[in-house]
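First subunit A sits with subunit B, and in the next complex the same chain sits with subunit C.
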Partner chain A sequence: MNGLFSSTPLDGVLGAGGEKIADDSLLRGAVRRLAKDKLALFGLVIVSLVILAGVFAPYLMPNDPVKVSLDQRLAPPSGAYPLGTDHLGRCLLSRLIFGTRVSLSTAALALLAILLISIPVGTVAGYVGGWVDNLLMRLVDILLAFPSLILALVIAGMLGPGLLNVMLAVAAVGWVGYARMIRGLVLSVKEKEYVMAARASGTPEWVIVIRHILPNVLSPVIVLATLDIGSLVLSISGLSFLGLGAQPPTPEWGSMLNDGRPYMQVAPQLMVCPGMAIMIVVLAFNLLGDGLRDALDPRGTESG
Partner chain B sequence: MRLKKAVACAVITVFLMIMAVGCGNEGTKPPQEEKPLTVGWAQWCTNLDPGDGYNGWYAVEFGMGETLVKTGKKMEIEPWLAESWERVDDNTWKIKIRDSVKFHNGKDVDGAAVKASLERTIKMNKRAPGLLDIASIEAQGNEIIVKNNKPNPSFITTLADPFAVIVDAAAAEEMGDQFMENPVLTGPFKLKKYVKDERVEVVRNEDYWGEKAKQKDVVFKSIPDANTRLMALQSGEIQVADKIPAEQTATLGKDKDLKVLSESSVRVHMLIFNLKKPGLDEISVRKAINMAVNREDLAQKVMSESGIAAAGPFPAVLPFGGSGLKGYDYNVEGAKKLLDEAGWKPGGDGVRQKDGKKLEYTFLTYKNRPELPVLMEAMQSQLKEIGIKVEIKNVENASEVMESGDFEGCIYSFSTAPTGDPQYMLETVFMTGGDNNYGSYSSEKLDALGKKLQSTFDTEERNSIAREAQQVLIDDAAFAFLVYPKIITAVDKDVEGLDITPTEYYFLDSKISYKG
Partner chain C sequence: MISLKNYILKRLLYLIPVMIGVSIITFALINLAPGDPAELMLRAEGMEPTREAVEALREEMGLNDPVYVQYGRWLAGVLHLDMGKSYRTGRPVTEEILSRFPATLELTVAALLFVLLFAVPAGILAAIYRHAFIDHLSRIMALLGASLPGFWLGLLLIYFFAVKLGIFPVMGRGGFSHLILPAVTLGFAMAAVYARLLRASMLDVLGQDFIKVARAKGLQEKWVIGRHALKNAVLPAVTMFGMSFGGLLGGSVIIETIFAWPGIGKFAVDSIFNRDYPVIQGYVLFMALIFVLANLLVDISYGLLDPRIRLERRS
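After this line comes the complex of A and B, so read on.
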């Protein structure tokens, strides 16, 4: 997550001003740059495949992911169970595929929650300024001073186990970074000529925020935040691994990893497969994110 | 970008190297004339004072501490430091202590020393006053005469509880807090080195009253994670690994250098119902749950044959346990019929309901015993068959949640009768108002049997009362008794004389030896 906030790639996007034409040419340039970045394209392909797998999970699963068949427990890979079965005889591949849906949708919802908190906070802080800005940003400073995973762990622990609670916990610590970034963007957009012009012509403040500022802030934030899903998937799996997330029998990669732990030597695929799934998804999102960040920053060097 | 990656690679490499070096240090010790036996232990003591909490378990496990009597392989009481005992009248016991017993500091163990030790235990251990229920102790030479406040038939068996390990109370008084790290006991081994939370090294006691130990040095290491314990065993770092997950026994079986020992424990894994919750207050629902659970499958498949299907609370290794009781047979159709008759009809979603109330419950489980969540998950699917929907919730401290009363059901594991006597469990778990009677079970019939047990001395009669009480529990379907887990210990083939007993705290004794 931190990589997002430490660099300032968005200055380039916004530096082009609010006019649509400039934006379009910039985006076209970005797409061109992205198309040249093979690693990012690779990430894009994987991400698309994973999302498709999640969406069409019910059609792709060879078996019912929660059906327990104790006679088949810890079976090796076979025709009926392409990756074998887990400790309760459930099809590992089906659980992995369904887990895609659980992991990605949880991460996406957490992201939505993050945006719903951080956009109003960041915008108000940036646009209103003064003591309001001071108050909100000091709150953000305090929250940023805590190690985020530990804070999420504490919150999830207090709320009790469950996917929804883990989502809330991740959102509760995730919004601060975004709020600060959005505030910065709003601050820079606020000084643009078209905002001045709108203000001079007597447009009400809330109209200025909604019609002139937010549209120019949101698109880059949403693009980059989407790519942050990788790290959200990782945090959610981590909390699930600790038993705070998905409760049985819901297949979730983190909890599958933990379930497989006692069988590490007998059936290593129970740990290897969910572990690989998490790694590939996070890697793909990160590669795509890196590529996109470079592509959106016209001043950046062309990276291979 | 590239520079960052290079730096990251370098950092990771350095970390891996540090880890590798750290691992390497463990194994390279200077060779000794006789190799010490190293044991990997799952649970660990907070200090070494046997009187304090459950630390007495470790003093006995480590071969240092001894009680007056011990529980044998068939759960019968055998003499240990005591040579013999007799009941003078209902309230009075006379116990004779062996002549030649000496503490590790050379002092003789006589009646006065035993009296001082027992009084110390009663003073410092919360469980002791109630269980021992001693009014007075009188020491005469090598004998003690104990008077109970009221007839206490389980007095002698309670003396086998490790909190009653005989310590040199005078030395304890003198040493103060030092005693927790250097206890003065009587066993075949004495303390060589104690590293808190990490390891205990013991060495043969050359002045032991009984048969001297075959093995000279033994090291106990705390290794809480089962996988780590197993890998340490495979790598030769330790020669004994306790509490091995059943799944691993298959892999271990293939290894010719290792052997696997297993023995039924005195534990039971059971389902506690909160009898105050709607649905669960109906006997038909609880009976149906009992019938829908396939105990054979849980014991044989889920626990990979490391469990024994349960009938009542007490395992069959106990003279009053298991066999002879009429438990529940696996019968899905019967369970469905029972629910139909009670008016619980399947709704559109397959979940049974009556008067707007659905058979939907949240059952708790906890991870300290790794097999419990898995058993719960298997039962979740078995109960789904008969139209009962179960959500599973993993909690950190199940007994704490149950004490609050805010729960519907919980899978829980009890050590039923560590000293081989049924009274303690009946009183604390099953009788009305018992400390651990979390589900608020109350039955006049059971309470009467419990009371009767409190004043019955004859062993045969006690056993038959205990059997009768268990049948009451089963007929009321107040709980679902699931499986009796086995204790599984994996051992290097060069370790000899190791005998696993149902009681978890007997381990190191004179017979064990290691020729590596």
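After this line comes the complex of A and C, so read on.
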């Protein structure tokens, strides 16, 4: 699915009623299983390389990604411009490399925002229960009644073009599924003996939540949310492609793709390369995510 | 069947609070926007937004009333299918949306057809010839499907099939040939995922006792697969179908923009850039309604297909 947060890596990880998954022996088993999964390892290698490329972008770029040289417009690949230049004479390769940084950091920030909303909401709903839970979950139901990409599109459109607004829009839509999942995990942990014991010995509620509930809920959520980055990259670049995200001259893959569109005939690489970059990054995160899901779910039957 | 009727009724009643919530959010969305709607409207009509003119229009549009009064008035209009007029075209929003909906529906249905035509054979074959070439191919397709940006796939298809080979028209709506590239683009991701889903549930079903019985009594393989296995394997796919429908509707926005397809998605994107608020509100509300109804239909058909679920829900 190309939709927002298809959260595929998250399905199935909840384990049997949300058992604590990151148990020591289990974790070791998971690492062992992951090490055997060649596709997942391939994903891990690509993800690492991409992150490194983003971090060290300034040292890897052959040229300034935003420097306009009108006399070099739409130049074919050459020594100075390994992938050629765009309609403003800017180095395509440099823009692609810098775009790694833009795409990954926006996706990571959107994810952070999603977790900052969904963890409190899901925890409160699951732990407090009663009318609070009811109210929050009805809100979730209402938000789920919108096709997510459409809601994100309109929120971004109303806030006005810009990367920050796109991140906010994606987060405003994306926290919903997480909140529901976290609530489910909290509900199952809440009934565990150690929580009851803590409560019986008079531990304050907030200490129970922070010390006993959250640590047991967060590890699977955070590990897998990280791997949901692929679908975030897709959504953000899609909105940028429509012109809502990154604004010129910021090199962002989605908007670069859109910029390259009119020059499809003379310089197809302007359209091919940014799309390829998006695909590789998303594919790598998906491969790693699938592998991690299988590794964390030892009961899982063969999935492909 | 009484239980099913009750179930449908219950679900329909449950839709009422959800749609009220949806309408509140839709209405509130407009307040996210910077800028004064009255001023925007004056500009759209090419008039100088002087302070007096803006103030007069605000009064006329009821923008000086408290928010809840504005919401009540808007909702009353919506219930009478009156969602105001487009700032841009001056025509009623309902008319604008309904006149463009057939194009979007045509595209979505064509995409769904493509999904079925691709996913059903691919899923069955991958299950039957497990670990053979076709199985690996379908796995690769599924991985690509989940990772390919739809807008990129669309442009690549345009580049190869319309620009280079000249087989299909580049854009716009027309006959069957206009439909193929956008429908394939829109449906590709879903088709790839579906094939894998169907394969998994086929494998699940094929391992069950009644299949062994069917084989043991000497039934031909085509009947085992076609009549016994497929019927049971399709069920999990039906729920996915409903969930994916929202994805298709959302995806149609981008695909319509790429292929200049004259549906509501493209109209909505244009409206967003023109800050045509009544159209945006109408679009969001309309899409949410379609989405919710589609999910309801899926739930009901799920109950119809599987009597076990019906019984469970009764208790």
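By our rule, the second predicted complex is superposed on the first by the 279 of 304 C-alpha atoms of A that agree within 3 Å, B and C clash if a C-alpha of one lies under 4 Å from a C-alpha of the other, contacts with A are read in each partner's own complex, and residues count from 1 in each chain.
Definition applied: a residue touches a chain if its C-beta (ideal position, glycine included) is under 8 Å from a C-beta of that chain, and two chains touch if they have at least 3 such contacts.
No experiment lies behind these values; they were computed from the predicted model shown.
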For A:G243, select first, second, both or neither according to whether it touches subunit B, subunit C, the two together, or no partner.
both
| Between subunit B (first) and subunit C (second), which, if any, makes contact with A:R261: first, second, both or neither? | both
Practice item. Figure out whether A:L139 sits in contact with subunit B (first) or subunit C (second), or with both, or with neither. Key: second
- request: Name the contact category of A:S188: first (subunit B only), second (subunit C only), both, or neither.
  value: neither
Contacts for A:S105 in the overlay, against subunit B (first) and subunit C (second): which applies, first, second, both or neither? neither
With both complexes superposed on chain A, which partner does A:T226 reach: first (subunit B), second (subunit C), both or neither? neither
| message | I'd like to know which partner A:T203 touches here: subunit B for first, subunit C for second, both or neither. | response | neither
> Is A:V272 contacted by the first partner subunit B, the second partner subunit C, both or neither?
Replying inline: second
Comparing subunit B and subunit C in the superposed model, the one touching more of subunit A is C
What is the contact status of A:L74 with respect to subunit B (first) and subunit C (second): first, second, both, or neither?
first
Dual-contact residues of subunit A, meaning touching subunit B and subunit C, are 160, 243, 261, 264-265, 303
Note: in the complex, subunit A contacts subunit C through residues 1-4, 6, 8, 138-139, 141-143, 145-151, 153-155, 157-160, 230, 234, 237-238, 241-244, 254, 257, 261, 264-265, 268, 271-272, 274-275, 278-279, 282-283, 286-287, 303-304
Residue positions on subunit C within touch of subunit A in the complex are 17-19, 21-22, 25, 29-30, 32-34, 139, 142-152, 155-156, 158-159, 163, 189-190, 193, 196, 200, 244, 246-247, 249-251, 253-254, 257, 268-269, 272-273, 280, 283-284, 287-288, 291-292
Subunit B residues touching subunit A in their complex are 1, 226-227, 230, 245, 247-248, 250-251, 297, 301-302, 367, 370, 373-374, 376-378, 380-382, 391-395
Within their complex, subunit A touches subunit B through residues 66-68, 70-71, 73-74, 87-88, 160-161, 243, 247-249, 259, 261-266, 290, 303
